[in-house]
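What follows is chain A paired twice: with chain B in the first complex and chain C in the second.
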Partner chain A sequence: MREQGRGDRLTALLRRGPLLAVLVLYTLYTTLPFLWVGAMSLRTTAEISADHYGLPSPAHWGKFRAAWVDSNFAGYFWNSTVVVVSAVAIVTVLGAMAAHALARYRFPGNRLIYFVLFSSIIFPPQIVLLSLFQILVNYDLYNTRTGLVLVYVSLQLPLTVFILEAFFARIPQDLFEAARIDGYTDFQIFLRIVVPVGMPAIVTTVILNFVHLWNEYLFAVVLVSDEDLRTLPVGIQRFMGDYFQDIGMIATGVMIAVIPVIVVYAFFSEKLIQGMTAGAVK
Partner chain B sequence: MSAPADAARLPAAAAPRRWWPAARRGERDPGAPSWLTLMAFLAPALLLYAGLTAYPVVRTFADSLYDLENMDAPRFVGLAHFVAIWSDETFLRAIRNTLVWSFVAPFLDVATGLLLALCLYAGVPFARFLRIAWFTPVLLSYVVVSILWLWIYNYDWGALNLALRALGLDGWARAWLGESSTALAALMVTHAWKWAGFNMVVCLAALHALPSEVLEAAELDHCGWAAKLRHIIIPMMRPTLLNLYILAFIGKMKVFDLVWIMTQGGPMWSTETVSTYVYKRAFAWNTFDLGYPSAIAVVWFIIVLAAAAVLHLAFRQREKLEY
Partner chain C sequence: MATVQLQDVCKRYGGAGGLAAVQDVSLTVADGEFMVLLGPSGCGKSTTLRMIAGLESISDGRLAIDGRPMNAVPAKDRDIAMVFQSYALYPHMTVADNLSFGLRRRGTPRAEIERRVAATAEMLGLTEYLARRPAALSGGQRQRVALGRAIVREPKVFLFDEPLSNLDAALRVATRNELTRLHRRLGATMIYVTHDQVEAMTMGSRICVMNRGRIAQVGAPLEVYRNPADTFVARFLGSPPMNLLPARLRRAAGGSVALVAGAELPLTRWSDAALEGVAEASFGIRPEEMLLLPPDAAPQPAIAGTVASVEPLGAETLLLVDTAGGEVTARLHRDTAARPGDAVRLGIPSAAAYLFGPDGRAIEADRPAAGAALN
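== the complex of A and B ==
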């Protein structure tokens, strides 16, 4: 009996062999590049040139301090934080209000506004990029954080309204009628019913917008040229352009950009996955 | 107070199942709101949209008719830019590259995503952990992904060439981004690496939503995995797969960061995309004329919208025939 049981297990293992191989290989494929850069971020460029795949011993933790202070990554990090946090806050408020109006009130042009906003999701960025550059120059917003924040809000607004409208429209009508009988005004209904009930969807859009904007590169590179105002993606890319050979330091810069995302992901992985796939998953 | 709790139990991201607008819903507030209330809710978003999206689009259309070398003194040139575009070899090359990328690469993305989802669906150890690990690249910026893959593709010490040499395939090792025959494919692989996790999560959600009776019935009929996949799973997941294809398609029509950082459109225009070419003509070549790139942007805008509309209609047509 025991012989046979072992044989069965072996067959099962053999049958699952290809499956397990795929799993292992793909996991290595997604994670090894990270571990590689992580190792390089703790080694000096001289060590890396000697052996690109060595382990970080001794680990040069001081490189993070050097990148943070000497290479101005602290500045890039601060700029990214200010711009992204402001833009996400504004787009959440504006988007939620607009989504509520579109989901709840019947008025002429409702579906037209919805359709126009919705179509903008697929606009290629170039159709607004060149004129936004001119507009920001005309209004002295070129090369300012304010200008970038406003543009970021406009970029994420359609998707935010789209996701929130879908959720808000499913809030049962009874809730609103009950609130109205209790004497709630339109604004109280929005603040005390729509916002709390719609919180899961609002959190989803906050995550989605945050990740999109934290990683945004094209508009940041076109609309901001001042070294002191650069966001993290542009900062890293410029750093790589200037010190192409300094692989060790570039790796440290990459890790500075990646670590916050990974830390947040480690704690809120389900929420992040759900946020990033909102609109695509049923 | 039980009502709000009830509503809070709505599916978390209750986004619609399609990316195009849903049909009118019946449930709307019958009490017509005052115009003032409505404006208070809508005006901020609409003003911002008008100023920073609608107006720029119109302005790009207008700009495409001018020579803007001197921004203070635009010179009207009519449709001259549009005529010039069609004999601009680089632009035609860029269009071809982008269309190839947009139509072909989504198959790679969606197929990888489906395969990975099936692996997890088959019930493997650590499925939860694997799902989270595989999704990680989706969260990274293109700048980070580009730098990683620049190094992986490095001729002398890149991981890919190193692996090939270790396998004794020295002849296959090459400067993947430096040769025009492989550069575009190399970029497609990088793009797929970033997005496979996204497709995997969406496919997995769709798999779990399949009615289990059908799969069990197939099991009873001794239906093998391949047959089950071909005759049951893929047909039933068709809406999801088409949806993912369209999303991937649109994403690739816009692609800029990856190309700009990894190859800047080279070598010999082999990875030039419309986005990078517009950027070059507008900001990198010191031609200082925003009119010509605006004309390209207009043409591209129309192509993207038309392609999205055609795909949408074609897929909807097929679905009607299917069911």
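== the complex of A and C ==
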């Protein structure tokens, strides 16, 4: 009997072993570089050159202050916040409405619009970079936060609509009809049924869009040249000279940039789980 | 309260040339009536109900509630409430919010909303669940919330689309009785869609049998059961369905007779005039009317056959018998010694016979069909 029980446990371990190994390896793979950068953010570049993998002792907390005040990270942070929060807000509102319309209403061209949106996900965004640049210049939006927001909205809208449409389409039609009989207009139904029931999907897109745009570099560097309008990913670049890279300060900048992402993720994934349990359509 | 009138109502999906899901439905549901729309899957019951609800446009014909034309009135202004098969509870709201959602929209005063929600919850035994979300309720409780959401609105007309089909058998029977009591208590007009004939027979003031988008017959449950208008209704109502056998009719000395499965069966319900010009027909007899004759039985109308199978169900026994006219089912009210392979004679009481013409329509009889015979 005992032998049997041990054998069972062994087979269970053998069966779960590979899975555990993969999970452990993946966790190390994702967290170690992060911890490394975290350690470097508290060390000077000279210390880092002497020992790449050393621990931060003493910890130079003053580097954060230096980056924030002396290197204009406060400004970059503000620019990133304004641009990304506006873009994500607009994308979420527009995307949810568009997704609802595409998922729920039959009208000529519905699938055509869907297909056009869908196909724009497939193409790499870089191919529109130059034409976007020209368009922004023509409309006096080059080198403005507004211009960057508009570009970000258009970049993220297709994927957002795509994800939300798939989710909204699975909300049972009966719910809409019950609400219609209960006397609600189409727009009220959108606000009071679709948005709350679709909250898990909406939160997913918010996290996705926020993280992606917060880290966005290419469009930010091409479409904004003014030092005072730069966003964080571009701002970090100022520590990279042609001949010398201030690795220590880059790490500090990266940590400053990464903290909001973690906060947003933690806050919204809490909401995500709440929404999933509340909105469970049984 | 309210009457509901449909006049030549049609529904075509996909434009004017589209397939008709509902055709020329004319039906008047009286004030306070419990009308059941009954029919097989795909016959257009739900479509008819949804047109009454205003969830589906009416392609042709007229709909009136309380005499007021409704074709162009949006669902929310028809003063109807609907209970969906899926219940369609708002998953993100508590039971209390589910109940009050419609009232809040209509600007009912808060005190009144609270009073009605409390009364409805009380009536349905939902008081202790008011703060829960639908996901935390059992199927039966959800069903009652769906019901409560309709009741709380105090509508002119209640519409039900197979509201019991997701419940288990015991709960279905209980809820059926509950609904019947509710109907009596509220005295409201109710239209109820189902494909379950037991629900239809037990609940309906009248039933409207539908087939392929058309009304086959409307009437009180027993009336429809006793006098089916055509072979479809005859076979759809009743379980097992009515036996139909090909028959040739002949004028004999004592009246007309039908030649069925090699036997001569007298047609005592029909006058000669009624059968004028009919040579071929379907002869109908319900399984529960057939008698298993003992070998020494007195001579009487009967058909002969071989037992194909015996299905004892406890309270009754189903006997499948192969005859010259095809297989028939007899429903015996007690156990039987008959075994597969036995040659048997099945008595056919003339008063319980039905005839259907070649077009499937019932041939009108002069004397009513007798109720269930004893056997």
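Just so we're on the same page, the second predicted complex is superposed on the first by the 226 of 282 C-alpha atoms of A that agree within 3 Å, B and C clash if a C-alpha of one lies under 4 Å from a C-alpha of the other, contacts with A are read in each partner's own complex, and residues count from 1 in each chain.
Operating definition for what follows: a residue touches a chain if its C-beta (ideal position, glycine included) is under 8 Å from a C-beta of that chain, and two chains touch if they have at least 3 such contacts.
Fair warning: this is a prediction, and the values are worked out from it, not measured in the lab.
Participant: Could you look at A:Ala21 and tell me whether it touches chain B, chain C, both or neither (first, second, both, neither)?
Facilitator: neither
Participant: Chain B or chain C: which reaches more residues on chain A?
Facilitator: B
Participant: For A:Ile193, decide between first (touching chain B), second (touching chain C), both and neither.
Facilitator: both
Participant: Once chain A of both complexes is superposed, is A:Leu35 in touch with chain B (first), chain C (second), both, or neither?
Facilitator: Touch status of A:Leu35: no partner.
Participant: So in the superposed three-chain picture, is A:Ala50 touching just chain B, just chain C, both, or none of them (first/second/both/neither)?
Facilitator: Neither: A:Ala50 stays clear of chain B and chain C.
Participant: Which partner does A:Leu175 reach: the first (chain B), the second (chain C), both, or neither?
Facilitator: The answer is both, since A:Leu175 touches chain B and chain C.
Participant: In the overlay, answer first, second, both or neither for which of chain B and chain C A:Val261 touches.
Facilitator: In the superposed model, A:Val261 contacts chain B only, not chain C.
Participant: Pick one for A:Tyr184: touches chain B only (first), chain C only (second), both, or neither.
Facilitator: A:Tyr184 sits against chain C, while chain B stays out of touch.
Participant: For A:Ala66, select first, second, both or neither according to whether it touches chain B, chain C, the two together, or no partner.
Facilitator: Neither partner.
Participant: A:Ile163 in the overlay: touching chain B, chain C, both, or neither? Say first, second, both or neither.
Facilitator: A:Ile163: touches chain B, not chain C.
Participant: Need the overlap of the two footprints on chain A, from chain B and from chain C, as residue ranges.
Facilitator: 172, 174-175, 178, 180, 193, 196-197, 199, 277-282
Participant: Sort out for me which residues of chain A touch chain B in the complex.
Facilitator: The touching residues are 16, 19-20, 22-23, 26-27, 29-34, 36-37, 52-53, 94-95, 97-98, 100-102, 104-107, 111, 113-135, 137, 150-151, 153-154, 157-158, 161-163, 166-167, 169-176, 178, 180, 186-187, 190, 193, 196-197, 199-201, 204, 211, 214-218, 222, 232-234, 236-237, 240, 247, 250, 254, 257-258, 261-262, 265, 269, 272-282.
Participant: What residues on chain C touch chain A, complex-wise?
Facilitator: Going through chain C, the ones touching chain A are 53-55, 74-76, 80-82, 84-88, 90-92, 101-102, 105-106, 133-135, 149, 153.
Participant: Please output the residues of chain A touching chain C within their complex, sorted ascending.
Facilitator: Residue list for chain A touching chain C: 172, 174-175, 177-184, 188, 193, 196-197, 199, 277-282.
Participant: Spell out the part of chain B that touches chain A in their complex, as residue ranges.
Facilitator: 3-4, 6-8, 10, 12-17, 19-22, 24-25, 27-33, 37-38, 40-42, 44-46, 48-49, 51-57, 59-60, 63, 71, 115-116, 119, 122, 124, 130-144, 147-149, 151-152, 157, 159, 162, 193, 197-198, 201-202, 205-206, 209, 240, 243-244, 247, 250, 253-254, 256-257, 261, 274-275, 278-279, 282-283, 290, 293-294, 296-298, 300-301, 304-305, 308
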